[in-house]
Amino acid sequence: MSGQSFGGRYVPECLWTPMQEVAEAYAENAGEESRRRQAEWLTRRVGRPTPLSHLVALSRDGGGAQIWAKREDLCQGGSFCATSAVSQALLAKRMGREHLIGATATGDFGVALGSMGAALGMKVTIFIRRDDMEAEPFNTARMRQLGVEVIPVAGAITGRRQAIGEALRQFSQVSDSAFYASSSLAAPNPYPRILREALQVIGSECREQLSREAIEAEYIVAPVGSGSFAAGLFGAFLAEDAPTNSQLVGVQSGGDGDSTRGAAPLVNGRPGVYLGTRSMVLQDEQGQIATTPTTASGMAMPVAGPQHARWLQQGRAHYVTVTDQEALQARRRLTEVEGIFASRESGYALAYSLKLAPTLEPDQHIVVGISGSGIRELGSSLQGAEEGKPL
Amino acid sequence: MNQRLAPWRNAFPRRTRPLLMTALVVGDPFLEATRNYMNALVEGGADLLELVLPFSDPAFHGAVMRRANERALNEKVGWEGLYKIIADFRLGEAEIPVIVTTYYNRLLAAGVSDCIEGLAAAGADGLMVMDLPYEEAATLKGLLEERDLALIQAVAPTTTVTRFRHIAKEAEGIFVWTGHCGTEVSFDPARFDEQMRKLRQFSEIPLVASMNIESGEDARKIARSAHGVLVGSSLAWLVEGGGPDVEERLRTFVADLRINLDAVQED
Amino acid sequence: MSGQSFGGRYVPECLWTPMQEVAEAYAENAGEESRRRQAEWLTRRVGRPTPLSHLVALSRDGGGAQIWAKREDLCQGGSFCATSAVSQALLAKRMGREHLIGATATGDFGVALGSMGAALGMKVTIFIRRDDMEAEPFNTARMRQLGVEVIPVAGAITGRRQAIGEALRQFSQVSDSAFYASSSLAAPNPYPRILREALQVIGSECREQLSREAIEAEYIVAPVGSGSFAAGLFGAFLAEDAPTNSQLVGVQSGGDGDSTRGAAPLVNGRPGVYLGTRSMVLQDEQGQIATTPTTASGMAMPVAGPQHARWLQQGRAHYVTVTDQEALQARRRLTEVEGIFASRESGYALAYSLKLAPTLEPDQHIVVGISGSGIRELGSSLQGAEEGKPL
Amino acid sequence: MNQRLAPWRNAFPRRTRPLLMTALVVGDPFLEATRNYMNALVEGGADLLELVLPFSDPAFHGAVMRRANERALNEKVGWEGLYKIIADFRLGEAEIPVIVTTYYNRLLAAGVSDCIEGLAAAGADGLMVMDLPYEEAATLKGLLEERDLALIQAVAPTTTVTRFRHIAKEAEGIFVWTGHCGTEVSFDPARFDEQMRKLRQFSEIPLVASMNIESGEDARKIARSAHGVLVGSSLAWLVEGGGPDVEERLRTFVADLRINLDAVQED
């Protein structure tokens, strides 16, 4: 209960043992053969390594630092989620489980898990809030085509956490034959570790790519919803052998800019326990979890993965917000100026990088993490178009 | 050791009358109502009261309890309100143990020591934290013990015997068997009975089963294997129904459970 | 005029000199520095190399050969077109042209060219038949977001060739400041060569990947619309130093299975001149070009690139058809069994591979070319869904 | 060398009356109509007739001609029909040269030698192939020459002087200057005049300009710089209008062009 430690496994008794089994299987699973298999899936299937793109035009416009994009949009399925889905699905398979259960908000994790389920011949059940589902017709259609059982969830709690709750409840009923796959870094042990270790390949590739370009990054900037993508990108730069002193910046949603709104537990939260982990939590003085009004459903998390709380505490990374509006604009600029489509979530990291760039010199470098292609958004924009809204 | 819970230690199987534990969400639909309902439950024959302090995301309660929780949230009931109704209850009722249930973050936000102090002063007997498993609970348990409050542990179908033996060594008050985790229970009496038998040999304190009990008949079935039952959703459902006679209906429903439970010894 | 030679530059006088300029610039452009720059864009931006995925489940189901997929769906923009767009846009830039003009049917080439145009700060104009545009709301939206001027074309001629005609007419008016970028391998010189050389990287990667897996492919199977993708995949296996005797199979659309219908000039065509090149042309005895009823707009070409005519004549590749229905089914199976989304066009190659596999042994290998992700299709399927059609 | 086209070689600038070349799409709206329109054009004062054999994808014709082509396609006119109307025309008219225009694939499908044989026998004088540039045309040109038919070459704003000199060396009959490639022409008289001047010095045969001419006034402007004009879309547009008096309207329109062209020498 010491204020200093983050993480843990704060779950009801019914989930403790199933998650302990996952932890034990994961520990056993850590061998060479299993790593090789995972790497094979990532290379042969997901499309790793993803490129590090020098955004020449955007950098020129900014008049300062060189901006580089780590391109998770080019993974199979169009988001970084492919990589954590591989790791978890392979672990499940190794545990002899034939059913994957997870939750999604944007649908990206659902698609990623669905793809792995299809390829491995496993049943996949995905919970998603009904309003998220309706906002993501495109990813919903993709999940269905992959054979995923998509279960819409209603209720008072908004966003991914409601779907996570439902997924865990359902999982608890079949925990001896199913595997809970987490999309969120804010999760009970061993999930934060599994996700970070799976996603750390993003940062490792990035380090290698930077050194191949013979440059060091002044800043590494990533969007933080639950923070799994950011942890994957940051992880390698926090390793003992990390060559540079890059500043790591996690960008959260500041909502409409009113500091009492938004979804930035690492900026406006306090330590607490939520979604099974002790971390920074956006809450009121009564300990009630705050709602997270943001236009980016991937960012709508009132708690971040425990690693981020630790890095924040230790000063190893820092965390900022940009408004939803700034994020949307930055994302649009990326498309117009660089021809790259990025997820709404990536817009937060990008917006911050665009602010940072002019304060640096042209021989300095910023890496911005692009978490996904945001292709899903065209589904909703098409719907919007039919209702007469501009695309 | 908490004195109101102490009598049940080692009371089974000698004592044959099964325990009846009843739960209310505090502030559903408002604080005084809860206070009145507590009396009704006791009048109906409850042995223990559980008071659920509402949380913004009661993920591991069932759907009915989550709705009750949602209604209660509107009342913005805090720890002070909770202490108040417990203290008030204690003015008239010295025996019936009161267990407070919540999610860990509410405790952390208010400060664990302050909460324990408040609960002890008000006359509560135990604390159950939905999302605090045994492994994370040591410090809290220590602090509770200092004030003679029990940390109530849950047991579930996934709890292994090894793990149970481990937990049971230090457990206090009662065990709450949760046959579900916020979902429907698929009840297989034979299997349930086997699980209870297995666990009972390692525990000196009663196993009270939360199994979505909706009727006296349900309660009777469960109590054949467990030491008692915990009824929550069915009461929340009556509260949800509303109307002027909620207290009366609570009393009647509990009384029926009582009769059925008491009949178990004769079965 | 010898019946034996294919290719050429059969264009009206107004286009001859502009295309000669492209040819000359391309020849000058062939240096080390330009190759390096192109490779850099492909690696850093497009996401090359793309993976070669072993389709374990599908192969197991087939009970015969191992099927491998060359994954152009993972390129930026979701199709192989990214690679030919890079080559042409860089050439245009080097020629000092600031305006790219092209035609598209599926929208994939439009998106690819639009991305490059945005990144290089060039204006992009894309012609597309109005009905193709309406069938591809998704890619149309993407093009618009990239700042592409999308010009719908009406008229009696169906498909890409109508849009090509309009693009060339418009180009002829501004040929001193603009660059015509071809999506079609069936095009006047120097485009067939430019496209093949650009896309040959697909086959080269594939060769290297096969040799890294220490296997040889019995068959290399690709969809052939105009055949640029197929030429890119086949090219490396036809090179002098090609290590294997892989059979190259180009799959065209057989339409509804009635042999008088479909879009298979390499199967049902005769030598002729169309779209600026001498090649195999689907035509009647009067020399009128046939319509190409197929449900895959990328396949609706009555003429293939001249290289294919040559390979057909020399017996270096062979060409077959599968029906639209078979292609759709194969594509659906890929999603359901392997968790991979592929373009409708890829379905043709896949369908043929699925027929081939059971006739081979489990230690034999088939490579099937996946030309794109078919993400665009979800746009139309969502539209369909709203009109009550199944997804 | 074709005898009907021969007189114009080296006739300019001596000869000041500009040439009037008029085009029809064969079979628009049906074959006999085309035959009748030919007479009307000659009566109006045309110096040359161009007959466009329709193609399924007349990509390098303008929008009006593409529509005419589309109408004509319904008639499924083949080479035989074309030969027939040329032969029939020749029965009454010995002087006016007839140029046949099409796309290369129609020629290849029917067989190049057969087509040349048919054209020569019918009394045609030249062949223009829209998508056959000089570089690809050598063999065809040779075969045409054997039967005294001219291969008519096009020149465009993009044609360089070097290239033109090269082509001009072997060119026969006339040059058709196409100021467009199926689109609108943006006409800058000064620039056009400069281009014509530049090219004229290297050519012994007349340059006839196709410049979307819609009126006598247009024709007069063009003919100030070129040796003549080619009018197609405006005629196809009259045909598209339909009605019983199409022939009359064609005749009147061409007569007006004629008057305007003849006025150029006096300007």
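As written, the chains take the letters A, B, C and D, and residue 1 is the first residue of each chain.
The rule is short, and it goes like this: contacts are C-beta pairs under 8 Å (C-beta built on N, C-alpha and C of every residue); 3 or more make two chains touch, one makes a residue touch a chain.
These numbers come from a predicted model, not from an experiment.
Undergrad: What's the chain with its C-alpha centre farthest out from subunit C?
TA: It is B.
Undergrad: Just the number, please: Cα centre separation of subunit B and subunit C in whole Å.
TA: For subunit B versus subunit C, the centre distance works out to 67 Å.
Undergrad: For subunit A and subunit C, what's the span in angstrom between their mean Cα positions?
TA: 34
Undergrad: Could you put a whole-Å number on the gap between the CA centroids of subunit B and subunit D?
TA: Comparing mean C-alpha positions, subunit D is 99 Å from subunit B.
Undergrad: Using the touch definition from the top, which residues of subunit D touch two or more other chains?
TA: Expected reply: no residues.
Undergrad: Two-or-more-chain contact residues of subunit C, please, as numbers and ranges.
TA: In subunit C, no residue touches at least two other chains, as defined above.
Undergrad: For this entry, which pairs of chains touch?
TA: Between chains, contact exists in these pairs: A-B, A-C, C-D.
Undergrad: Once bound in the complex, which stretches of subunit A touch subunit C?
TA: Answer in residue numbers: 43-47, 50-54, 56-57, 71, 73-76, 78, 114-121, 137-138, 141-142, 144-147, 332, 335-341, 375, 378-379, 381-383, 385-386, 391.
Undergrad: Residue numbers of subunit A touching subunit B in their complex, please.
TA: For subunit A paired with subunit B, touching residues are 1, 8-18, 155-157, 161-162, 164-165, 168-170, 172-173, 175-176, 270-274, 276, 281, 283-289.
Undergrad: State the interface residues of subunit D toward subunit C in the complex, per the touch definition above.
TA: Touch residues, subunit D against subunit C: 55-57, 59-60, 66, 70, 73, 76, 78, 103-110, 112, 130-136, 139-140, 153-160, 163, 178, 180-184, 186.
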